[in-house]
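Shared between the two complexes below is chain A, which pairs with chain B and chain C, respectively.
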Partner chain A sequence: MNLRRVETSTWIYLAISFLLIFIPFIVTGRSMQFIFIQIFIFAIFAMSYDILLGFTGIISFGHVMFFGIGAYSTAVTLGRMDATIGSFVLGAIIALVIAAIVSLIVGALTLRLKSHFYAMLTLALAGLFLVLAEKWRSVTGGNDGFTFSLPEFFRDSETMYWFSLLSMVLIFFGLRRFTRSPFGRVLMAIRENENRTESLGFQVTYYKVLASVVAGVVASFAGVLYALSLRFVNTAVFATDLTIDVLLMTIIGGVGTLIGPIVGAGLVEFAHHWLSGLADVHWIFERWIILYGIVYVLVVIFFPLGIVGTIQSKFMNRPVRALRTNRKSDGKKENRKGA
Partner chain B sequence: MENLLELKKVEAFVQHYHILHDISFEVPKGEVTVLLGRNGAGKTTTLRTIMGLNRVSKGSISFKGESIVGRTTFDIANSGIGYVPEDQGIFGGLTVGENLRVAMKKEDEKTTERLEWILELFPDLKKFWKKEGGQLSGGQKQMLSIARAYVNENDLLLIDEPSKGLAPIMVDKVTESIQQMKEQTTIVLVEQNFMMASQIGTRFYIIDDGVTVHSGAMDELKEDKQSMKKYLGIS
Partner chain C sequence: MELFISLVINGLATGMLIFLLAAGLTLIFGLMSVLNFAHGGLFIWGAYTGVWVFQMTNSFTLGIVAAILIGLLLGLVTERLVIRPVYGNHMQQILITLGFMLVLQELIKVAFGPDQKAVFPPDFLAGSFMVGDIVLIKYRLFIIAVGILVFVIASLILKKSRIGLIVRAGVMDKEMVQALGINIKLVFMLVFMTGAGLAALSGILHAVYSGVIYAEMGLEFSILAFIVVVIGGMGSFPGSLFAAILVGLAQAFMAYYVPALSLAVNMLLMTIVLIFRPQGLFQVKG
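And now, the complex of A and B:
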C-alpha cells in the first residue's frame, strides 16, 4: 500500500480509532464502558442498515430480525455448550450463516418487485421470529430469556470494549471498501435509478439481493456482540423498536455516509443515557423518548442530510451520498413516461 | 449493407395505452439512422421498447440477427446496445467520475483508451470529474450521458433527443461529438431539431402516431418540402 495515496479521512478515522483504544484507561467506570460498547455494537448495526437504505435505496422495517438471529444463535450455543472461544466462534458462524440464508431468501423473493414488498416481508418475518422466540421456550426461554456464561476471554469488560471497537473499525473499513468498489458503485446507481442501471447492463435484482445479504450478515454480527455484551438474551432483540432506533441513528448521522451511522449511534446512546439520568431533576426526563423526538425533528430541520451528510456537503465540498426523496420520483416519472 | 437492427411491425403499450401501432425500420451497420416525428409520435417509446423497458405486444426486433424480444433490459444492454435517454439519465448523486466508471463493464486498456478519447472530446467532464452529476449544467449532463453510453465498446448507440433544452452553442458541441462518434459506431438518433438531425443522419424514418409513415435518405428529405411540411410541420 502506498501511504501517500491513503486519503486524509482514513488517517483521521484511524487516529480517532487509536484514541478510542485508551478510553478504558480514562473511563474506568463499568457503566460508561458499557455505553461505549453499546455504541460500537449499534454503530455496526446502523452501518448494516446504511448499506440497504443509504447505498442501495432499500427500505427495511424488519432489519432487527438479523440482529436477533445473531443474538440468539450466540446465546443458545454458549448456553448449551461449554463457554469457550470455540463455542463462541461456532455460535457466530451459525448466526452469520442463518442470517445469510434468510436475507438471501427474503431478497430473492421480494427484491425483484417494488421496494415496499421487501419492507413488508421483513416486517412480517421479524414478527414471525419474535413469536418463534416467545413460543419456543425450551430453546429461547420465552419472553424472560436466559443468561449464559461467557468464554474467559470476554469476561473482562475492557477486553469486550476492545473487541467491540476492533469489530466496528474493521467492519467500517471493510464496508467502506465495499461501497467504493465497482460493486458498490452499482449499488449507488441502483439507489439513484433502477431502470437506468439496468439499461447500462446490470442485473439489478442480483445486486440488490447481495446487498441485502451483506447487510443481513453484518447486522447479525452486531447481534452476536450484543448478546456477548449483556450475557443475556430475550425477545427484545426482535422488537421493532430496535429497527426504528437504528433507522433514526442512520438518518440522524447521515444516510449513505457510513461514518454517519456511527455518529448517530453515539448521539442516540449518549442522549438515552444522559436524558434518562436527569430523571431526578424533572420527571420529563424519564420520558426521554419525547426529548429524543424533539432532537430528531431539529436534526431533520437543520441537518436534512444528517449530521455527517450536511457537514460533508456544506463544508467539505464532498458529493452528498444521502438518499434524496426526489431521486425516487425521477424513476417513477421515467416509468410513467409515454411517447 | 448488413442490418444491425431490424424492427418489423412492432406494437407496444405503455401501461394501458397503445402507443406503437406499426413500427418497422432497419438500421444498417456504420450509419446514423434518424427517427423523426412530432411530439408524442412514439419515438422515445420506440427506443425504450428496443431496450426492453416497454414490452413488445406484437412484431419482432432483431439485433445482430437475433431476436431481442422478451429479453431483459440488462441482457439487451450487454448484447451491445448503449442507451442515452431523453432526460439524460445520469446518476445525480454520483460524481462525474463515478457515473463514467459505473458504466465501464471492465476497466481494461481498451476501455481506458475510450475514456481518454471521450474526455478529450468533452473536456468539461475532466474538469468536473469529482462534481456530482446533479450539479452539472444541462449541456454537461448531456455530454456525460453520451460519454457514459460510449465508454463501453457498444455496437449500437440509441440517443434520444440530445439537443433538447440545450443552448445553440451546446447543440453545436453535441452535434460535433456525435459526428465524431459515428465514425466508430452505429447510431439511432431521435431528434426534433431537424437542422441537427440533417447534419448527422444518413437515413431517416418518420414516425407518426405510432406508425412509421415515411423513410429514405436524409439528403432526399431535405429537398422534399411536402413531406417535411406534412409530417414534421416544417415549411
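And now, the complex of A and C:
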C-alpha cells in the first residue's frame, strides 16, 4: 500500500532505538538505569495490553496474571536449577507455554460472551493466581517471595539494559507487523463492529481468542524480564495495582497505537519515581495512587485518545483508534490514507 | 451434625453479605448495562464510616445508619461524576469505574490511615445461644435476618410498587420505558443510590463479622459479588440471592475442609455456569 509512510515512521523508531543504545554510557547510575529497564519491561507489558484493548476491543482486568506467570516461571526455574543461560531459556519457554495455555482456556470460555464477562473473569482469575502464589509456599515462598541468582550474562546492569531494549524494539516491530497483517485488520474490524465482522463471515471468537493468546504470551515475556531485572519475585507480580498501572500506561499513551503504550510506560514510570521521591515533601505523595486514579479517570473522560492518539488524529490525519468507537468518519479517513 | 449446622449458618451469613453487595450490582447492570467496578469502593466506605461512627458513639444502630447514608451519598456522587459522562459507552464505563474504585480505596487510606483496624461486635449481638448441642452465634443470625429482610422489602418494592414496576420494565426494555415518557435516568440514579446504600450496609455488617477492616477488602470482596452476578444471571434479583447463598455455602464448606481451595471453588462454579449456561441460572429476558 503506502510504503513510504511506513518507511518514514520505521526509520524514526529505529533512530530513536539506536540513540537509546547509548543511554548507559551517559547515565551510569545503577538506579537510573534500573528505571529505564523498568520502562522497557512495562512498555512490553503495556503493548501486549494494547493488543487486547486497543486493537481488539477486549477489556481485561487480570492481565497481570500472565505477567506473574512469566515472573514466577523464570524465578522458580532459575532458583531450582543452576544459574545458566540454559535454565533461563527453559524458564522462559515454560512461562510462555503456561501463559499460552491459560489465555487460551480463559479466552475460549468467555470471549464468545459480551465484553464484561472477560473483564470479570480475568479479574477473578488474577485474584485466584494471587491466592495460589500466597498459599503454595513450597514453590513460591508465599508473600515474602524469594531471591535467586542470575546467569552470568545478565548480572551486568548494562547488559540487562540492552537486552530489555532489544526485546522491546523487536516486540514492537513484531506486534506492529502483526496488527498490520490481514489477521490484525480483522481484529480492528471486530473492535469497530463485531456484528458486522461476524456477518462478513469471520469467526469472531477464533480471532479474539488468538489475540488474547498473543497478548498473554507477550505479557508473560514481560514478566520473565521483570523477574530477571529484580532478581527477586514475590506476590506483588500478581497484584491488581500492576493491571491498573498498565491500563494507565496504555490509555495515557494512546490505545491502539502501540507506540502510545511505550510513551505511557515512560511517563508513568518516571512519575512513579518522582512522586515517591516527593513523599518527604508532603505526605499526600505517599498516596500517589490517588493522583494516578484521578488522572486516569480524567483521561478516560476528556482525553480518550491518549497522547499519541491525539497527536495522530490532529496532525497526521490518521484514523482515530479510540475507546469511542462509534465514529462515522473513520471509514473516510481510512480511505484517504491511500491517496 | 452440629458441625454441619454451624457451617450452614456460616455459609448463609457470608451469602447474605455477598447478596447485599451483588443485589445492587445486578440491578444496576440490568437497568443500564453498567458494570460497576467501583462497587467494592462503596462497600469499603460503608465499612469504615460505619465502624468509625459505631466506635465514636458506641451505638451500632447509628453506625449502620451512617454507613447507609454515606453509601447513598457516594452513590449519588459516583453516578453523577463518573458514570453519567460516559453513558452508552461500555468500554469507558468499565475502565472508569475501576479507576474510581482505586480512588475510593486510596481515599480510605488518607481518611482513616493505611493500617488494619480491629472491630468488635456490639454487646447485644456478641456471644451465642445454645440450642441443644448447637452453638448459634448471635451476630451471624443477625446478618441472616437482615439479608432476608432486605430481600423481602426489595422484592415487595419491585413487585408491588410503581417504581418497582418501572425498574423491572427498564431491565427488560429500557428504550420502551423511555418511549412511554418515563425519565429512566432518574430511575437509574435512584437504583444506583440504593445499590450503593446496600453495598455500604454490607460493608459495615461484614466489618463486624470478620472483625477486621482494611482498604483492599473492597476489591477482594467485590470479586465474590461479580462471581455471584455471573452465576445468578445479570439483572436478576432473585438470581443474585440464590447464587449468593450457593457461593456462601460453597465457601464455608470449602474453608473448613479444604481451606486453600475456597476461592477456587467459586471460580469453578462460575466456570461451569459460563460453559453450560452463560446467561446465568436465572435469566432476565426482554
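As a working rule, the second predicted complex is superposed on the first by the 303 of 339 C-alpha atoms of A that agree within 3 Å, B and C clash if a C-alpha of one lies under 4 Å from a C-alpha of the other, contacts with A are read in each partner's own complex, and residues count from 1 in each chain.
By our rule, a residue touches a chain if its C-beta (ideal position, glycine included) is under 8 Å from a C-beta of that chain, and two chains touch if they have at least 3 such contacts.
The structure displayed is predicted, hence computed values, not measured ones.
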| item | value |
| --- | --- |
| Which superposed partner A:V97 touches (first chain B, second chain C, both, neither) | neither |
| Which superposed partner A:L20 touches (first chain B, second chain C, both, neither) | neither |
| Touching partner for A:A236 - first (chain B), second (chain C), both, neither | neither |
| Touched partner set for A:I294, first chain B, second chain C, both or neither | second |
| A:E192 touches, of chain B and chain C: first, second, both or neither? | first |
| Superposition-derived comparison: chain B or chain C, residues of chain A touched | C |
| A:L200 touches, of chain B and chain C: first, second, both or neither? | first |
| Touched partner set for A:P304, first chain B, second chain C, both or neither | second |
| Which superposed partner A:F61 touches (first chain B, second chain C, both, neither) | second |
| Common interface positions of chain A, toward chain B and toward chain C | 324 |
| Complex contacts: residues of chain C adjacent to chain A | 29, 35, 37, 82, 85-86, 89-92, 94-96, 98-100, 102-103, 106-107, 109-110, 219-220, 223, 226-227, 229-230, 234, 260, 263-264, 266-267, 270-271, 274-275, 278 |
| Residue numbers on chain A that touch chain C, as the complex places them | 57, 59, 61, 109-110, 112-113, 115-117, 119-121, 123-125, 127-128, 131, 135, 240, 244, 247, 251, 284, 287, 289-290, 292-294, 296-297, 300-301, 304, 323-325 |
| Partner chain B, residues of chain A touching it in the complex | 182, 185-186, 188-189, 191-193, 195-204, 256, 319-321, 324, 327, 330, 333-334, 336-339 |
| Of chain B, residues touching chain A in the complex | 14-15, 17, 19, 40-45, 48, 51, 53, 72-74, 77-78, 83, 85-87, 89, 91-95, 98, 101-103, 105, 107, 130-132, 148, 152, 210 |
